[in-house]
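Notes follow once the structure below has been shown.
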Amino acid sequence: MDYPTTSSLLSWMIFTPMIGVGMILLVLGLRPFLRLSQAFADNFSRTVGLLCSALVMAMALAMWSGFKGGSSAIQFAHHAVWIRQWAVEYFVGVDGISISMVILTGLVFLAGAIASVPWWGRLDDAHHPHFSKKRVPGYWILFLLLETGVLGTFSSLDFFLFYIFWEVMLLPMYFLIGIWGAPPRVEAGGRVRGGPYAAIKFFLYTLAGSVLMLLAMIAIYQHSGPSTLVDGTRTLHTFNILHLTKMFAAGSFSVAPAVFGLTFMHAVFIALFIGFSIKVPMFPFHTWLPDAHVDAPTPISVILAGILLKTGMYGMLRFNLQMLNGAMEWAAWTIGVLGVINIVYGAFVCMAQKDLKKLIAYSSVSHMGFCLLGLAALTPQGVTGCVFQMFSHGIISPMLFLIAGVIYDRAHTREIAGFGGLAERLPEYTGMVGLAFMASLGLPGLAGFIGEVLVFMGGFGATNHAFRGLVAVGALSVIITAGYYLWTMQRMFLGMLNDKWAGLWDMNWRERITLYPLAALTILFGVYPAPIFNLVNTTLHALLPVVGGAVIR
Amino acid sequence: MSIGLGHYLVVSGLLFSLGLYVLITRKNAVAMLMGVELVLNAALLNMVAFSRLGRVGPDKLDGQVFALFGIVLAAAEAVVALALVLQLYRAFRSVDTTETTDLKG
Amino acid sequence: MHLVPFPLLALIPLFPLLGAAYCGLVGCGLFKKYGEGAIHWPAILLPWGSFVVTLIAVITLAGAGHGAVLHQRLWDWFRIGSLSVDAAFQIDRLSAVMCLVVTFVGSLIHVYSRGYMKGDASYWRFFSNLNLFMFSMLVLVLGDNLLVMFVGWEGVGLCSYLLIGFWYRERKNAAAGMKAFVVNRVGDYGFTLGVFLLFWGLAAAPASLLRGQGGEPVAAAAVHEVAVGHGEVATSPGEHGAPIGEAAGEHGAAVSHGTEGSEAGRTPVSSVTFRDIERIMEDPARRDAVLNQKVLGFGLITLVCLLFFVGATGKSAQLPLYVWLPDAMAGPTPVSALIHAATMVTAGVYMVARLHFLFAYSPVAMTVVATVGALTALFAATIGLFQYDIKKVLAYSTVSQLGFMFVAVGVGAYWVGIFHLVTHAFFKACLFLGSGSVILGCHHEQDMRKMGGLRKLMPITAVTYFVSACAIAGFPFFSGFFSKDEILWKAFDSGNMLLPGGGIILWVLAATAALCTSFYMFRSYYMTFSGTYRGAQGHGTHDAHDAHGGHGHGLPKESPRSMTWVLAILGGLAVVGGYIGLPILWGLPNAFETWLEPIFEGSHHLIHSAERGHGAEWGLMLFSVVIAFSGFFLARWLYKDAKSPIPGRLLASRNGLVQGFHRVVFNKYYVDEAYQASFVNGTVGLSGLLSWFDRTVIDGIVNLAGTAGRFCSGIQGWIDANIVDGAVNLVASLSMRAGRSLRKVQTGRIQNYVLGLTAGAVVLVVIGFLLKW
Amino acid sequence: MNGSIVQVVLFYLLAALALTGACLVAFSRSIVHSAFALLGTFVGVAGLYALLAADLVAIVQVMVYVGGVLILILFAVMLTARVDEGKESNPTVGKIPGLLAMLAMAGLLVVTAVKAFGPRTVISEANPPSTVSPIGNLLLSKYVLPFEAISVLLLAVLLGAVTIASGRMRKGAGGKQEGEAPR
């Protein structure tokens, strides 16, 4: 159960972006002395950013190839004592839950990095200065910092370390949305919206979640039993997630005080769940998402939807399912109901959206609901479906946001009703949109389907047969989803071409090199999802409650 | 009847009090210096008395060593103080400490 | 049932997929560079390749014995818990029939499309989508389990969407495509729920049944069973390789005939694979465990079948989900022929037949299937009576004929349903293609009132159309006669309906529909081909076909040879296709029933006949001939050469009843309007409401919290500025004042200081004493 | 208790000498008298040291205080006091508070001493050994560091005293910015 350091690859991966940050800072610092031009600094930081993202991706692939799938053990562990007095360790490692997310992180950040450069395509527009030309080195520093935060979050096995990385994710995002997002604008009704508003909303919302998490973390630490650090030091309490999991499983916390009439375990479960559900985002904590997405620059939307939402789900898997396993069944029904509300509510709200990006944002709300439902089902199909849905949504939603970025870069509007007949002018783009929409609405043979069908299948098999009703309601979303995507398709791409858009041009190479690989992965994992299952199944299924004698899962 | 530690301490306490009185009442800087010497002597007497009659045992001489150091310090202090007094006298043509109050707040 | 590995099987869907990829990915550029030849040669030849492979498969199958199933396993799709789904194909006698129809008719239609789509700017896109459709349809047909079937099921829906909206510049077409997809999705909702319910229903057997013979622990046994369930596949060394694992390697050789021996230890816990489900249903103990389950008051199997049937109504355009099919005529005519007549819409029938071993156990579901089929047949036929658009007539006719097929499978005559499916594929494809030929000839005019007299102008089209109309009307010795008559007889003779004598009601409904069918088919024939040409002899009306060289002006003329050949072949099959299934009544060999017999023998004992005698059968046969001819003569009397004044007089009638009836039927009973008003507007309205709720209430709460926070911080700011800061300033000024007064203490006199020091020391010591005492 | 009566008598004599000297220092009106009275105190204390068998300290007391400090003080008195001013050469202020403070402090100390150590008696040896060599050992072993430090201090004091006494006050450093101090 104690994992000594076996490899430093993971640490290298986590901190590779920080090396990039260092290089950018170095060049910024040396600029006045070496008389480097602004353009040089910009291009240098872009190159460094791209390289670091590519390097992380390469390391993620290396880890994938080195990962032993049939084991629920921690692999690539890097374990050292950090703050001895508080029993804090630097403990990173991946198991089945995190490896797929780490790989996805590499992929999504690489796509985001490519989408962040102004190269390989036309971006010149004096009337609408593009975000990628604005304060470039700062953008890349924050971008890389964000990547470190996300990677750390997914691989930390020390609660304290996890919390640190969790917070590291938060701040760069705030600035990326606030500074490089849409400028403030006054909407109807005198409300001020735009990047800064969205950023502060995002920040406060997620910070509120973090506070709950922090409280839970401290409470758990205070009531945890004695443990040993990796170097053998005995400590009174521990932050080590694996040790805490074992303590919870052994009932060490049953003596801890009750909170508001709930047992300690249930209380921290609720606190952590709410903390994570804000990030997911779960109804009714989801309203930061549309604002943040609409006003963030394209690559940041890509990262936000592709990865940041997954951190919430990952937290639920790691803490609520794994660590607080004993309380999971108690909460399953509530989580399932919330998941279904997410699914159906999100889908309905999508249909009413007029802004393409907002529509996609709400569709994320809907699709993350599948993850919640799958988690709540507590069946092998359900939890695997949950993780696969995270993964497939992590591929599909970046595609969708990149697509929204493509049209916004050209037309400077995302008003769905303002378009029409674009298929004639932009055939390649239309094909790509069609593929992405179909993937998102769960067409069999594409990645989105696998997650959905597994979640539903798992939900149907839940011990509590009321879940079947939930699934029946949730599955209604397949109709609504088809409705809103096809309606969007029809309004934007079909019909007669609006003359206003006769000057638009089809996809450029930068967009191609981001979209085509994602599209290929969408198809690949739709027809052959086994690689992901091999990664996650063993770890996940070990966490499921054993129902008396029933093997039929 | 014998002479114990208490006796020495009483003597030393009285010496100390008298030195204090000198310090409080005298205006002359040199006289005050005498008071200081009285106080110091009281303290040193204490040390030697404790060294000899205290609980540490008679063969412990640390108190006496302290007393020696104290005497040396007192001498040094006296030297410096008198030098200062001389300087004070040069500056103010007086050693009356009630008059040399330029630094008062 | 035994599995025979057949490594060529994947080629059948793979060929069209290659074609689709070729046309879709590089087709655009090649089309611009090399013209249409670069597109249509691969796109046509590859489906023919599928046909050839299918023929090889059928021959192999015929030689492989009674219950053989050709099988090819490609890879694991999911393997999670007890859910184990392979990407695998199988071809048994049922899917062989479907596969032949799909590849043969489909390939013919590809050939036809070459002429029909000539000159279209998106030629490559058309063939790409058509090939993709072929691929999806073949996956649907060949899928070895419900989920692979579902891939095809949705795939054909997607292709249908793409092809209906092929001429997307007209919003009407795009909307029709969207409607098709969304309505199909409603059906898919039912289908998927059916899959889930079935899977867990099968799994819910008592643990004792699932336990292996060796008394192994249950969990281990389950794994073991799952592995063995697939073990039989591994009997072909070298093809499937290792993924099945060691267990399969050990036990695979032992299990070659799944239906034999004790089943309890061998069938998997649950499965979505057809043959596994069938085997579970054949094991009495497991079957009882499944049948005894109740869900919401229904039997589990009944609910499962009804859910599957919801899927079938969506895909096969039955009540109440038929609405998309008439609109789907917005697509190019070859598409209508292939997708919306011959193949895709029959998928529901195929699915019910494929799952006969479930449906047969649920009389309720069977009754529902047959009743919905009969009602749809009549309902759609009546709408067809008054349509003027030639393709709309055919569309409603298709809906109606699909209803017939569902009657057949609903009464348990599965092979008859499939038989009608096959003959229908021939004659309806021929009719549609004929109508396409007419439409092309008439410069994309579809209104029959503007046609007429085409028999002389387009003789081949006219003849084939007439022959096919005879077939669909059920003229003796045409293909439709055999299949439709068999359906009517089976319905009449059914003893399976919940309601006693229900079969007769079905028969009445279906016979009425047959009368209508005969009438409207010949009505369309006479309106189109007899008399004189009434259309404008000028320009085409279809924007997308302006480039259609040579057809723009003048009288209609016969279509190019690639199209007429196809018509001729299909027309010929419409005549002779029925001879594969001659009535047993006549004492002739029924090859078709014999061929399919192994498939349906498992559920045969559940289908009951009312045991009405041969006399009744002869009588009914005669009666249906009479029906066919009366429809024909009525139509001939009313519409031949447009001479009869009666139709016009009826239309002009001021009689409220006649007018009202006509208006309601002509407007398709206002079903579309009702759906629009209820479901569509309801959904959009609800979405608007929820969006408002989201923005105003939920986000409002958030913003309110923000505003409240700002208000509180405002108050706190005031407090801070005036009270907290005031306190700080007070402390500062206090200390200033204190300093000012206290500095007087600082006299500069050492004596005073020493005095103070002493006093302080004394006081401290005294306090210490006091405290101590 | 051997030889106790001599010790008791000697103690009281020496204590009286010291205290009388101290009283004279405190209450004499003439600073010269005070200075000479200080001599008595020093000698008395030295005697008490001797009585406590602290021979080296007693000798040092006599040498340093009597031979050094007292002489210095007398020099200072003579350098500064205007002897010609007669009896009131040693003015006092605030006698009442001083007296009160003195009495309070004396009372406290005496009471404390008596309460804490009054009844305690100590065996004193008849011929206590000389403390010179043990102290020498101590100074050069255990206390070598303070010993060296204090020698440095002495050097510093030597230099400092010379500097201070001989140096001229720097301009403006005498606190005469306001010209208040008498010259």
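A, B, C and D are the chain letters, set down in written order, and residue numbers restart from 1 in every chain.
Note that a contact is a pair of C-beta atoms (placed from the backbone, for glycine too) under 8 Å apart; a residue touches a chain by one contact, two chains touch by 3 or more.
On a predicted model such as this, the values are computed, not experimentally measured, just so you know.
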- Innermost chain, where centres are averages of C-alpha coordinates: A
- Quick check: more C-beta contact pairs in B-C or B-D? B-D
- Just how far, in Å, is the C-alpha centre of chain C from the one of chain B? 112
- Separation of the C-alpha centres, chain B versus chain D, in whole Å, is 5
- Would you kindly tell me how far, in whole Å, the mean C-alpha position of chain C lies from that of chain A? 33
- Message: Based only on mean CA positions, could you tell me how far chain A sits from chain D in angstrom?
- Response: 84
- Which positions in chain C touch two or more other chains at once? 751, 755, 758
- Query: So which bits of chain B are touching at least two other chains?
  - Reply: 20, 24-27, 98, 100, 102-103
- Considering chain A alone, which of its residues make contact with at least two other chains? none
- Message: Touching pairs of chains, all of them, please.
- Response: A-C, B-C, B-D, C-D
- Note on the structure: Per the touch rule, the chain D residues reaching chain B in their complex are 1, 4, 7-8, 11, 15, 18-19, 22-23, 25-26, 31, 34-35, 38, 41-42, 45, 48-49, 51-54, 56-57, 60-61, 64-65, 68-69, 72-73, 75-77, 79-81, 89-95, 97-99, 101-103, 105-106, 108-110, 112-114, 116-122, 124-125, 128, 131, 134-135, 138-139, 143, 146, 150, 153-154, 157-158, 160-162, 164-165, 167, 169, 174-176, 178, 180-183
- Can you name the residues of chain C that touch chain A in the complex? 24, 28, 75-83, 87, 147, 150-151, 153-155, 158, 161, 165, 168-171, 174-175, 177-178, 181-182, 185-186, 188-189, 192-193, 195-197, 199-200, 203-204, 207, 210, 218-219, 221-222, 269-270, 295, 683-684, 686-688, 690-692, 694, 698-699, 701-702, 706
- Note on the structure: Touching chain D in the complex, chain B uses residues 1-22, 24-31, 33-35, 37-38, 41, 44-45, 48-49, 51-53, 58-59, 61-62, 64-65, 67-69, 71-76, 78-80, 82-87, 89-96, 98-100, 102-103
- Using the touch definition up top, name the residues of chain D that touch chain C in the complex. 93-94, 97-98, 101, 104-105, 108, 112
- Query: If you look only at chain C, which of its residues touch chain D in the complex?
  - Reply: 751, 755, 758-759, 761-762, 765-766
